[in-house]
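There are two complexes below, and they share chain A, which is joined by chain B in the first and by chain C in the second.
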Partner chain A sequence: MFYDFHVHGNGKLAKEAKRLGYHAICLVFHSNNYNQEILEIYRKVKKNGSVNSEYPSISIGVEILSKTTEDLKKNIKEIRKIADVLIVHGGNIKINRAACRDPRVDIIAHPYKNRTDCGINHVLAREAAKNEVAIEINMNNLLKSKLSIRSRVLSQYRQITKLQRKFKFPIIITTGAHSIYDLRTPKDIIVLSGSFGMAEKDAFDALYVTPRNIIERSKIREDVIVNGAKIIR
Partner chain B sequence: MKLKILPPSLREKKRYIAFEVISEEPLSRDDLISLIWKSSLAFCGESQTSKFNIWVMKVWKYQLEEHENVLRGILKCTREEVNPVRATMSIIAKFKGKRVVFHTLGISGTIRSATKKFIKPKE
Partner chain C sequence: MITPQNIFRHELIGLHVMVVDSSHAGFIGIEGKVVDETKNTISIEQEDGTEKIVPKNIATFHFKLPSGKIVEIQGNVILARPEDRIKKKFKNFW
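Up next is the complex of A and B:
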């Protein structure tokens, strides 16, 4: 039972993910491309996933691209209603910080993007653990880089893994696939994560436990009034 | 004069990795070998690669419904270095500017069982 929570694509990609051993995937579209038409297409694919055994079960995710924290907050409020999984496009330190502090956010995607450090420090790690915001390790950054850049990416992954061991924030490994050539089998990803010092059990949790928790939280989110209290229907 | 073969207890223990390659352009056996070696040298370095003892044993053309260029094969490596070899293979993404992907199908102790279980499984 493995989950890939960052796939930009269509039904073909979903089918291939199922063949490779993924139980569920999250089809993600960017918030700036968001319109009703795209949402309908995604919902159709999602429906296929629940009916057809060739497809994995599919969730819809939105990746918020914001440049300022005010814009981010506005987008979160608006998009939280339509998305099963809410992802914030990381990289900017201000955005990383704001996302870590917001419990409505499910995942911060590649917080290390276009940076020399990993984009997370001990303060943000503590906040992420408190608010259960998952930090993403996106394998696409590793696969698409070479030599010196690849070694920098590996070092960033290593830093995140080290912080995770200390602060226990949820960590999630995704493929970030745009095509079938970006997908890898879950077992290959577990082995690959060993190259940046992640233990096999932690990698397993990142591919299974964290995404499962996000889905479960997403199901009860509407009923939760405040943290710790929910309406029983 | 040929060297006498080592007794089994002194021979290196090996494992066979069954793999699948999907590519945009058709690949030959030599292309596969060069891809794996280059990736291994770049990702693990010369010293680490020397421990792998990589050898491509067999390659088959395979038909999958949605993909045109699919190869399946068996790669030999030392028992202790299975995981780094697997990582080396899964990190391959391009060959001569065209997209390629390696998937590991499984690991076995003999070529026969690797073929039976992963390359040509009975339905």
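Up next is the complex of A and C:
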């Protein structure tokens, strides 16, 4: 049972993911493209997924693109109600920090993007572990880069893995696919993750345990009143 | 009126409570009416009339509200004097 939680695409891509061995995927759209029409299309695909055995089980995710922390907070408040999975587009250190501190965020996507360091330090790692915010390793960045950029990406992955071993924040590996050719089988990803020093068990957790926890958390979210108090019935 | 949204700020004395989890196994299963509360403990009167004092910070409680709803609260959320809980700040998002 494997999950891919960062796929930009449609029903065709979902079908291919099922063929490659994924049990569930998350179809993601960007917050600036969000409108009712797109949401309806995604809901239709999700409905197909629940009745048709050719499809994996599908969740709807929104990737928030914000330039300031105020904008980010506003977007999180708005989008948390509609999305199954809430992803923040990382890269800016201020956005990374604000996202790590907010328990409503599920995933920070590529916190290392357009940076020389990995975008996460020991302070953010501790915050992410406390608030259960998963840090994403997006394989698309590795597979679509070359030469010095690829070596930089590998070193950033290695830094994230090293921090994860120390601070135990949730880590998630995704394909970040935009087309069916970007998808990779879970076995390929587990083997590839060895190249940046990730143990096989950790890679398995990143593909299975972390996404499963995110789904479970999103199911009980409505019943939680504050952190530590929830309605049973 | 006491609701799930304000229970951790509200008076707990008089509510039906059950200890569902604790780091000390002896506390698990204690059930009855809350008869007293201090900063760190809750006194529970059981059906046979005996009174048990349970520390808040190591236990998880199920409170039954007059409306019939059951709310699970980890003890560390209500770890304050009853009169001070109204001032305490809670993160209202999760």
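The rule is short, and it goes like this: the second predicted complex is superposed on the first by the 233 of 233 C-alpha atoms of A that agree within 3 Å, B and C clash if a C-alpha of one lies under 4 Å from a C-alpha of the other, contacts with A are read in each partner's own complex, and residues count from 1 in each chain.
Operating definition for what follows: contacts are C-beta pairs under 8 Å (C-beta built on N, C-alpha and C of every residue); 3 or more make two chains touch, one makes a residue touch a chain.
In this text the structure is predicted, and so the values were computed from the model without any measurement.
Bringing the complexes onto one copy of chain A puts chain B beside chain C with no clash. Applying the stated contact rule after C-alpha superposition, one finds that A:180 touches chain B and leaves chain C untouched.
Draw one line from the C-alpha centre of chain A to that of chain B and another to that of chain C; the angle between them is 140°, to the nearest 10.
In the superposition on chain A, contact of A:221 is made with chain C only, not with chain B. After overlaying the two complexes on the shared chain, residue contacts for A:103 are found with chain C alone; chain B is out of touch.
Once chain A of one complex is fitted onto chain A of the other, the partner contacts of A:230 are limited to chain C, with no touch recorded for chain B. In the superposed model, A:192 makes contact with chain B only, not with chain C. Of the two partners chain B and chain C, it is B that touches the larger number of chain A residues. With chain A used as the common frame, chain B approaches chain C to a shortest CA-CA distance of 38 Å. Residue overlap on chain A between its contacts with chain B in one complex and with chain C in the other: absent.
Of all the residues in chain A, the ones that touch chain B in their complex are 12, 15-16, 20, 142-144, 146-147, 150, 179-185, 187-189, 191-192, 194-195.
Across the complex, chain C meets chain A through its residues 4-5, 7-8, 62, 69-74, 76-77, 90-94.
Those residues of chain B that touch chain A in the shared complex are 22, 24, 42-43, 66-67, 83-84, 86-87, 89-91, 93, 99-101, 103-104.
Within the complex, the chain A residues that touch chain C are 102-104, 221, 224-233.
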